[in-house]
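Contents: one structure, followed by commentary.
Each chain carries a letter (A, B, C, D and E) given by its place in the written order, and its residues are counted from 1.
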Amino acid sequence: MFCEKAVELVRELHRMTDGQLPAFNEDGIRQVLEEMKALYEQNQSDVNEAKTEGKSELIPTIKFRHCCLLRNQRCIAGYLYDRLLRIRALRWEYGSVLPTTIRFHMCAEELEWFNQYKKSLATYMRSLGGDEGLDITQDIKPPKSLYIEVRCLKDHGEFEIDDGTVILLKKNSQHFLPRWKCEQLIRQGVLEHVIS
Amino acid sequence: MDTQSYMPVPPGVGMEENFLSLDDILLSHERLPCKTDTSFPKLGFLEKTSESHDIPENTKMEMPLWMAKGLYERKRHVISVDLPKVYREGWRTVFGADANMVDLHKMGPYYYGLGSQILHFENAENPEIAQSILQTFIGRFRRTMDSSQNAYNEDMSALLERLDCLERALFRSGQNGLNAFQLWERGRASQLTASSLVTNYRKRKITELHS
Amino acid sequence: MFVTDIRKEFYDVVVHQRVALLVSADIDALCACKILQALFHCDQVQYTLVPVTGWQELGTAFLEHKEQYRYFVLINCGANVDLLETLQPEEDSVFFICDTHRPVDVVNVYNDTQIKLLIKQDDDLGVPSYDDIFRDEEDEDSDGGDSGNESDGGSEPSGKRRRFDEGALERRIERQRARREWEARRRDILFDYEQYEYHGTSAAMVMFELAWVMTKDTRDMLWWSIIGLTDQWVHEKITHIKYVTDIATLQRHVSRHNHRNEDEENSVSIDCMRITFEYDLRLALYQHWSLYESICNSCYTSCSFKLWSINGQKKLQEFLADMGLPLKQVRQKFNSMDMSIKENLREVIEESSNKFGMKDIRVQTFGVHFGFKNRFLASDVVHAAVALLENVEKEETPTDNFIKALDCLSRSNIERLHLGIDLAKKKLKAIQQTVASCICTNLILSQGPFLYCHLMEGTPDVKLFSKPLALTLLCKYLLKAFICSTRNKRCKILPLIMAAPMDVEKGTVIVLGIPPESDTSNKKNFFGRAFEKAAESTTSRTLHDHFDTSIIELKMEDKGKFLDALITLLS
Amino acid sequence: MDPSEVEFLAEKEMVKIIPNFSLDKIYLIGGDLGPFNPGLTVEVPVWLALNLKQRQKCRIVPPEWMDADKLEEIREQERREDTFTPIPSLHYMELTKLLLNHAADNIPRADEIRTLVKDIWDTRIAKLRLSADSFINQQEAHARLDNLTLMEINTTRTFLLDSLNCMYKLRSNLQPGSGSGKAHDY
Amino acid sequence: MADALSEASDLSGGEESQDEDVLTPPELIARLEEAWLNEKFSPELLENKSELVECVMEQLTHMEENLQRVKKGDLKASIHRMEIDRIRFVLSSFLRSRLQKIEKFFPHVLEKEKSRADGDPSFLSPEEFAFAKEYLANTEVYLKAVALRHMPPNLQSVDMLKAVPEPCLDSFVFLRVKERQENILVEPETDDQRDYVVDLEEGSQHLMRYRTIAPLVSSGAVQLI
């Protein structure tokens, strides 16, 4: 049947319910586009035949193929759009610099989309007043205390906190730091919030 | 339970599909028993049973919902769509008796979705079908709600298997609400955590190494 | 210099600063660290905690943090060595050292700018006086000048009264003789002062006192100071008298805390922790496995019965029979024993123990209850924490284990504590089995001035004994057992050195020595100096990285010549 | 909404504390607080009370309703009636958890209070499930929920609203085409 | 330290006159929290509150400047910082939920903004409007570049207005009544029931469809919870 490859793309993405981004299925997309090209060409020739030789019995087949074309378009659009939503989530969950493992899963256009999205989000946040605006990707959870105890899960090198003081994040070292500053690193899995 | 920033396009539920919803795309892939009301030249290869060049008129074949909807026009019949057996009169009385008894997953995991979509095809029984689906949903609501709040302490997985996709989504949202509350009650909700995306990538990276 | 007012000269100094906490890997240090962390959380003092398992790590940790931090707090490390010499810090770095290692290095004692010792004065420190060790520079001027005689050490500049007579010559000779005499005396004083290594008051207790002085002491902190002291008792770092006196101090705090909530209405929440003073039994972890297992795997009972021998086992059966406990009960997990038996179990055991020559099976300690079923003795927590600290089951770095041991000390991590208890059971069993096999196969050899036992590669659980605390405990239990089992009077008063494979690739062994076993033993250990001298004289490749000088790492090939040097040195 | 956000709103409630430090008036954006004098009770928002308690700077006076006998009455009343009885505080569950977890030593009969509040909560949540089921069964379009607290609503909010919205769509199947959603399909 | 944390600046000195009565800081914070809850629970994007956001940001930066001059570890300063953290959390969460809705319904939000009569209040702040336009452009460029341009001529575009679902105004919401309202019409669920009318007493709480009380939310008569 037609459009099997297209729905396979959607299934592959749908299986990952927790928002993970699988590798970009380059040849899956290519195969669907090829099927569409073939369907379109067959329809063009049948439309000409129907027009020139008045064969109206071809119309159902033409309509049949047109449904397949619409279906393929919808599957690809659904697949790509859902990937965008997952990539968007990375900006909020992970931050603006993505690790290589994730970037390998993105095609060039997706990287470009991510960069544009990052920029327009940054412009929006800067526009919120004050000297550097307001970083609304922080403060995801309601504040409980000014300072929190964090533990370093892997060597991360130097990390600047307020007024220029710099601390060294060495594996298994523990720090008592302003909560606001650690949120990003906690979400990225570099630091772990220790509840005493 | 960190707030998930990935919010997929939700399914349309009811008769209206959401174009970009992956759930709706998969729903519309469900097969329907159809009959061709005209011949479809040059498409014989699709129909496995006959070797002929075309698909002749009146062949009974299964078509995905998206195809059936595309070809179905009230005025000039190109195909006609039969009612899947689960929505026929016989089963409707079974649902009416006790909707909780039926394993909706086995019946085709998109019972409510497909039931709503077949209303697009002209059928005298459509009002009864719509009513039956609604009553089934209402009849099963209590059990889905109580089980999602762990009200019964019996094993959930047995019950979960008998739910259709829509009910499973509701069950999950019920569980999420309960888990969030229990996490909060244990004082863990205020703990800042790594994003699940990050932890899953790390897990997957390890599995990739091994596989 | 010694800090007299710990609050003004330490806490108030750091409260508005950022502090680097360098903490050694032992349970007393972990407890002191927990107390300090709790205080810093109260006053929002930003700090960084870096675990340091030896001198090398201490050095690297300092180098990595010296740009961003001016104030360093060292717990259970740094006191017994000239720290300024070792770390070569900048002028403005300040070190607060809360360390039980004795003797305290004289330079640390008399430096009053950068070294602040958080050490209680009443510990028998016996620090030599300043004049015996240091001479002011002005006396050291060149021979020619006559700066007046020694006694007045006058402060007016020496250059102005210059006249020459033969008297000056005698005085100069006299002065040189006095100086040589002073230097010889200085060497003896320092030799006596630095010869023996021992331990002072627990760091956790010092930190608890700080909290108490600031009326910020909570029951959790009191519990941590109890565990710190119990760690010193379990690992026999302090004398029994010292233990008993410190227990009395803590008991006063416990009754003060228990009294504090009596005045409120009746019941306090079950979640509030309750600490009780108890006379309990020297049976390790006995509430966490069966009585039988506890008796077999506790050093005290296994030595008095000599459980490695057949008639030892027979004696044990007689003991159990004497107690009148059904075998099924004795073999059952403690919690599932019948309530009736558990009620007066302690009295029953004590009564029978006296009959079997175990006069002091009772020991003063503390227990804690919180939540419905959480009940632990201080020694349970120590065994669990140290088992986590030196866990060899998973390929984890010492600092990973440090973090896990630190976690198990807070009440919110009960599962981690139970995991530690399970590990501790395995460790105690491993120790008993190794002790039994060493005794039965006569692995302990007398080398004249000391006994020596070498665990070969391949002996079961040998990996566990590559860790300092585990090997120390094994060494102490082995010496006690050996004394019970040998008939040779002379061997009974000898110290014991043990060696075990440490790093197979590098081909090194861990070597440690413990003082002889005697009731009056003051736990003073001279092997630190002895190892240093033996290593120097034979240029053996040794690494003195551990903060306890009596524990070193030695290349296998150099073991022979190193031991010979020790024998000649000590006989 | 995450329960910690409901708790965040609960932390704006005022509570009495007895400070052990002195500090003059503080002009916060949200209003003025203090002055603080050692031993004299003063009213502060719960978020500040908990923070000062953790830093050992005050004792917390439990609110009047957080009393074992009063709560016992409420529990009995709640069990007797099948409607939601008026509750002394809109944030009773959050305040009980916060105060008992951080200041249990300042609250007499703390464990009884914890079990009483849990019983009250369980009874009310069971009622909420019952009324949700009847709301769905009667296919009603409106329900009045006085006395229901934000935390109670929040625990079943997503599930209940999702179910109601699904039912609404299934019902719009009965009048094909008239439903507000445009029926353009693909 | 001179009491740098003096009376938080009153808003009377706002530059241009504001149509609402002048807000004291506590009222400002209360308004922000109401707007936050309404935005969080309403299915559609509500009217933009950029003035309110501006005033709150002003308060925060003003207080933060004061705190720079205070020595570290001062108790009063730590209390102020805690309050700032709380207010900043509400503000960020409020703006986040708006942004999420803009991204979720971007074609409809833009359509509504374009067809808005000049006088009516705008649902998007200028910055949000810019962000929404960039989001639309960015997404369309992406879809075109990756696949649409390779498709047959008549399929090279997707109508975003049809593809992206609209907010469902018939969703149910919980609400608390702040100002008494009478005869609120409630559409029946099933055709055999008739319309009926409900009074909303002050302080009462209700569960009903959003469409019926949407105007009351924007007027502030009811608060979504």
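One rule holds in what follows: a residue touches a chain if its C-beta (ideal position, glycine included) is under 8 Å from a C-beta of that chain, and two chains touch if they have at least 3 such contacts.
Just so you know, these numbers come straight off a predicted model, no measurement behind them.
Under the contact definition stated at the top, the chains bordering both chain A and chain B are D, E. Counted as hops between touching chains, the shortest connection from chain D to chain E is 1. Ranked by distance of CA centroids from chain E, the top chain is C. Looking at A-C alongside A-E, one finds more C-beta pairs in contact between the chains of A-E.
Summarising the inter-chain layout, the chain whose CA centre lies farthest from the centre of chain A is C. One simple way to say how far apart two chains are is to compare their mean CA positions; for chain B and chain C this gives 66 Å.
Each chain gets one centre point, the mean of its Cα atoms, and the points for chain C and chain E are 61 Å apart.
The distance from the centre of chain B to the centre of chain E, each centre being the mean of the chain's C-alpha atoms, comes to 34 Å. Note on chain placement: the centre of chain B and the centre of chain D lie 36 Å apart, centres being C-alpha means. Among all residues of chain D, those that touch two or more other chains are 2, 4-5, 7-8, 51, 54, 139, 157, 165, 171, 174, 181, 186. Under the contact definition stated at the top, the residues of chain A that touch 2 or more other chains are 70, 74, 77, 81, 88, 141-142, 145-146, 179, 195. With touch defined as above, residues shared between interfaces to two or more other chains in chain B number as follows: 3, 7, 9, 12, 19-21, 66, 187, 189-190.
Chain pairs that touch one another: A-B, A-C, A-D, A-E, B-D, B-E, C-D, C-E, D-E.
Within the complex formed with chain D, the residues of chain B that make contact are 1, 3, 12-17, 19, 66, 69, 112, 116, 119-120, 126-127, 130-131, 133-134, 137-138, 141-142, 144-146, 148-149, 151, 166, 169-170, 173-174, 176-178, 180-181, 183-185, 187, 189-190. Considering their complex, residues 2-4, 7, 97, 101, 125, 129, 132-133, 136-137, 139, 154-159, 162-163, 165-167, 169-174, 176, 179, 181-183, 185-186 of chain D touch chain B.
Per the touch definition, chain D reaches chain E in the complex via residues 1, 5, 8-9, 21, 23, 26-31, 33, 47-48, 51, 57, 135, 139-146, 148, 150, 153, 157, 160-161, 164-165, 168, 171, 174-175, 180-181, 184. Those residues of chain A that touch chain B in the complex are listed here as 1, 3, 7, 10-11, 13-14, 18-20, 42, 46, 57-58, 60-61, 63-64, 66-68, 70-71, 74-75, 77-79, 81-82, 85-86, 88-90, 92-94, 99, 101-102, 140-142, 144, 148, 179, 182-183, 186-189, 192-193, 195. By the touch rule above, chain A contacts chain C in their complex via residues 146-147, 149, 151, 165-168, 170-177, 194-196.
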